[in-house]
Every structure is written in C-alpha cells, then in structure tokens.
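Please go over the structures that come below.
Next come two complexes built around chain A: one with chain B, the other with chain C.
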Partner chain A sequence: MNRNVGIVIVSHSPDVAKGAADMVRQMVGKEVPLAWCGGNPDGGLGTSVDAIEKALQTAWSDRGVVIMVDMGGAETNSEMAIERLPDKKRAKVVVCNAPIVEGSVMAATESSGGSPLEKVRRAAEELYPRM
Partner chain B sequence: MSQYPIAPLATSSTALTHEGGLHARPSIMLTQLANRFSAKVWIGLSDSGPWTDAKSIARVMALKTPCHTMLFFAAEGNDAGDAVIALVRLVQSDFTNSRDQ
Partner chain C sequence: MSTSDRMTRELIEAIANVVIAHVNELTELDRAIGDADHGVNLERGFKAVLQRMDTIAVMPLGKGLSEVGMTLIRFVGGASGPLYGKLFVVIGKHVDEAGVVCRDTLVKAGEDAIRVLMALGRSDVGKKTMLDVLVPVLDELRFVHGTDALPQIRRRAHSAAQATVPMVARTGRAAFLGERSQGHMDPGARSSELILSAVCNYLESRPGANL
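And now, the complex of A and B:
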C-alpha cells in the first residue's frame, strides 16, 4: 500500500496532461502515485471515462486519490469514472477545483509529506476559491 | 491569531542567495522539508513577521521572495530547533540538498 495520496491528471489534451505530470515528477519527486490521461479514443482533444478509470487504478492509493481536471467534460467524465468505482473506493476520490498545472504540483507537494486526502485537496485549492 | 508564533521555541535567519529567488522548485523543497517536522514552522521576511506557514506550498510560493532577501524562520514544537536548523541549511546550500537527505 502506498502511504501517499495519489494524483490523476485529466486534460482534454494528452500533451497538457503529460506536461503537468512531468512537472510533478521533476519538481516534487517520485513519492506520489501519479497517472495522467487526455484525448479521446480517436486521437483528438477530449476525455474518456475508460481512460480516467484506468488512470485511477494506476495511481490508486488507499489514502485516496485527487483528480485534477482542466474544464467541462474532464470534470463530468471524472465524476462518471468515480461512479464506476466500488463504494469503498468511491469515498476516497475527489475532483479538485484548481488550475490543472499549479494544482497538480501543489497537491503533489502536499501529498509527498504524507498528508491525508482532504489536506491534499485543500493545498491544491488553497489560492483558488470555488467559482 | 494563535496560528502565528507568539513565543516560538526556535528562530533563525539567513540570506536567500538562490538566483531567481524562492521560485517554484525551491519553494517545493522548503515546504517538503518543513513538513518533515512535527513542529509548527513559519517563514517571514522580517524578524517580526508577518509570518507565513512554511508547510503551505501555496503560501510559500505566493511570497514571491526575490534573491538577496533575508529569510526568517520560527518554529514551535518538540523538534522546533532541528526544523529551523534544517531550513537554514537548505537555503545556505543553495537548495542543493537532495530531497533524499
């Protein structure tokens, strides 16, 4: 079991998602379970529930997982992916309301110190009040 | 406010010489280090504050501290002394202390 909260980055663009994940890895380190996904199955811009579901498995931690999204469908598809999880896991996943790049780095920094799910979410959302 | 150091157990200061100041990566390293201690840890740009929670990445980054600024650390708790020593060392090492130290 990983002792740190996991991070899933979901963007309409695979380049954005991968770039944000690269920043997390290089700036924060490898102590945080991390996965990203982006683009639709045809190779265009978009998000896919299946891909998000897979990313949730990759970055899974029993401490929980935060999902960082860019906009619109990324959020609704993330919520659909969460719905597919068994009850026990579902309660441990939250979608953050924060900019995808800055929020991912801040969430990962907080997670790397072993903070619990709610604290990791707060770190990501700290400077960005809910709209 | 009780979240600020009223009578911190340990204080220390050092000059920030890192080129570019306390930008993203140094802020992350500083926050990660501060989080290893159970003590409450604050960072300030003067010895009388205002004080910022050194464990909050968002707040430390928001300081946008430029190079050649004096950094003040204050800590309160069992390992307060170790915390301020470690933070000063990190800054004085020009943030070359690896995260695996």
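And now, the complex of A and C:
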C-alpha cells in the first residue's frame, strides 16, 4: 500500500500533462504515486474517460487520489471516471480546483510529507484566491 | 426483427446521422465562443455509436439508448461526452423501466436527465448551454398533444436555440469571454436542437405518431 496520497494530472494536451508530471517528479521524486493523461481518444486535444480511469489505477493509493485538471471537459470527464469506480474507492478521489501546473506541484509536495487527502487538496486549491 | 428492434436502430441512426451531417456547423459555432471541438467531438462519439450499431440494434430501445450514452462518454473526449452521455443513459433507463415510450415516461425521463445535467455541468437555464433548449422543450412536452405535437416540439427547440444568441455565457469555456459571447448561438444548444428535431422527424415518419 502506498503511504502517500496519489496525484493524477489530466490535461487536454498530453504535452502539458506530461510536463506538469515531470515537474512533480523532479520536486518529490518517487515519494508520491503519480500518473498523467491527456488527449482525446483519437490523440487530438481533449480528454478521455478511459485514460483517466487507467491513470487512477496507476496512481492509486488507499489514502486517496487528487485529480488535477485544466478546464471544462477534463473536469467533467474526471467526474465520470470517478463515478465508475467501485463505491469504496470513489469516496477517496477528489477533483482539485487549482491551476494545473502549480497545483500539481503543491499537492505533490504536501502529499510527500504524508498529509491526508483533504490537506493535499487544500494545499493546491489555496493557489486560487477565494471568491 | 421486431418493431422495437427496428426502432432502436432507426432512431439512433437518425440521431447519429444528423449530428455527423452538421459537424462543420457545430465546430464553427464552437470556434466563435469555445474551442472549436464540439462538432468533431460529437462526430467521433456518434461514429463510434454507428460502428457498434449491430450490437446496439438488437437491444430494446431503452437499453440501446443507454448504450449510446455509455459510448458517447467513452469516445467523445470533451465535456459534451459526459453531458450527452448522461442524457442518453438516464432517458434510456426510464424507457427501459417503463417498457413503453409515452409522454409520461418522456417527461419523467426528461426531468431526471435535466437534474443530472445541471449537477454534472454545475449549470442552469439562462447560462447559454444545452439546458436552454432541453428545459423549454420539456415544458412544451408536458402540454402538447395531437397531430401538431411533434412539429410544435421541433419549433420550440428551434426558437430556444435561437434564443441563446443574445445570451451571455455563464458556464463552460464560453464564460471566459463574458459579454463577447453575445451574438453567437451556443453550440450545445444547437446540437440539442438537431438531436431533438431528428427524434421528432423520425417519430413523424412512423404511422400513427402522436403524443
């Protein structure tokens, strides 16, 4: 079992998702379960529920997973992927409302210290000013 | 092949074909106020539906519609995938449970689907989305009757899509544009109109169609 909260990065662009993941890896090494996906099922810009599901499996941690998204469809498709998880897992995944690159790095840094899911999410979301 | 089997194939093909025929128009609408992928995304989804048609066509209508929804969720690749996907899944579930397609079933299905879409898209009427077509059409569906029912629903879908032109987008990517989103029809409203019109046209082509 992974002792740290996992991070999944979902962007419309595979380049953005991979780039953000590279930055996370450099910051926190292998301490944090990490996966990324980007691109629609044809490989163009967009997101894919199947790919998000796979990324959730790859980065799975029993302490939970935060999904970092860029915009629109990335969020809706992530919620779809969460909905397909078994009940026990579903409650342990949250979509994070934060800028994707900075948020991923902040969340991963928080996670690498062993923080629980809610604290990891908050570390990223604090990057957005409160409305 | 029983009547319901034929209906599953014919109705779903009618919907898929109309969306695919309008791919450029939908993409252009989305280029104006979004990211120019609504047409191609829906096209990808409905082409996947057509590829699975032999499997879907042997299902009862409700199950077939739900299968269309699951296919759209998997293959569309944009926010419209889960949104239209859920719409078909929820309506399919109601049709399947009721076993018949009548006004009561469709109204209940529509109410349920709209509730799900509002939650998923965190949206409501008046924000320049597909809901601005679906909600007025559901209202129309409650009251229309007789031989003019289907044309009336089609007209309402059309006028509701037109009514999104002057709206300011409050949700989705178009919301970034604020006031600049005015003067363009919402692509999701247009695709909803196209799908609803295709359903009306198909039902009219069947003998004894009314609501």
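Heads up, the rule we're going with is that the second predicted complex is superposed on the first by the 128 of 131 C-alpha atoms of A that agree within 3 Å, B and C clash if a C-alpha of one lies under 4 Å from a C-alpha of the other, contacts with A are read in each partner's own complex, and residues count from 1 in each chain.
Following the convention adopted for this analysis, contacts are C-beta pairs under 8 Å (C-beta built on N, C-alpha and C of every residue); 3 or more make two chains touch, one makes a residue touch a chain.
As the structure is a computational prediction, the values presented were derived from the model and not from experiment.
A.B. asks: Touch check for A:105: first (chain B), second (chain C), both, or neither?
C.D. replies: In the superposition, A:105 touches chain B alone.
A.B. asks: One more residue to check, A:13. First (chain B), second (chain C), both or neither?
C.D. replies: Neither partner.
A.B. asks: On chain A, which partner touches more residues: chain B or chain C?
C.D. replies: Touching more residues of chain A than the other partner does is C.
A.B. asks: With both complexes overlaid on chain A, does A:58 touch chain B (first), chain C (second), both or neither?
C.D. replies: Neither partner.
A.B. asks: Going by the contact rule set out at the top, does A:42 touch chain B (first), chain C (second), both, or neither?
C.D. replies: Only chain C; A:42 stays clear of chain B.
A.B. asks: Is A:71 contacted by the first partner chain B, the second partner chain C, both or neither?
C.D. replies: Touch partner of A:71: chain C, not chain B.
A.B. asks: Would you check which partner chain A:126 touches, where first means chain B only, second means chain C only, and both and neither mean what they say?
C.D. replies: In the superposition, A:126 touches chain B alone.
A.B. asks: Determine, under the contact definition given at the top, whether A:27 touches first (chain B), second (chain C), both, or neither.
C.D. replies: A:27 contacts chain B only, not chain C.
A.B. asks: Give the list of chain C residues in touch with chain A in this complex.
C.D. replies: Contact set of chain C toward chain A: 35, 37, 40-41, 44, 73-83, 85, 120-121, 172-173.
A.B. asks: If you look only at chain A, which of its residues touch chain C in the complex?
C.D. replies: 39-42, 44-50, 71-73, 75-77, 79-80
A.B. asks: Of all residues in chain B, which touch chain A in the complex?
C.D. replies: 24-25, 28, 31-32, 35-36, 55-59, 61-62, 99
A.B. asks: Name, in rising order, each residue of chain A that touches chain B in their complex.
C.D. replies: 27-29, 105-106, 109-110, 112-115, 123, 126-127
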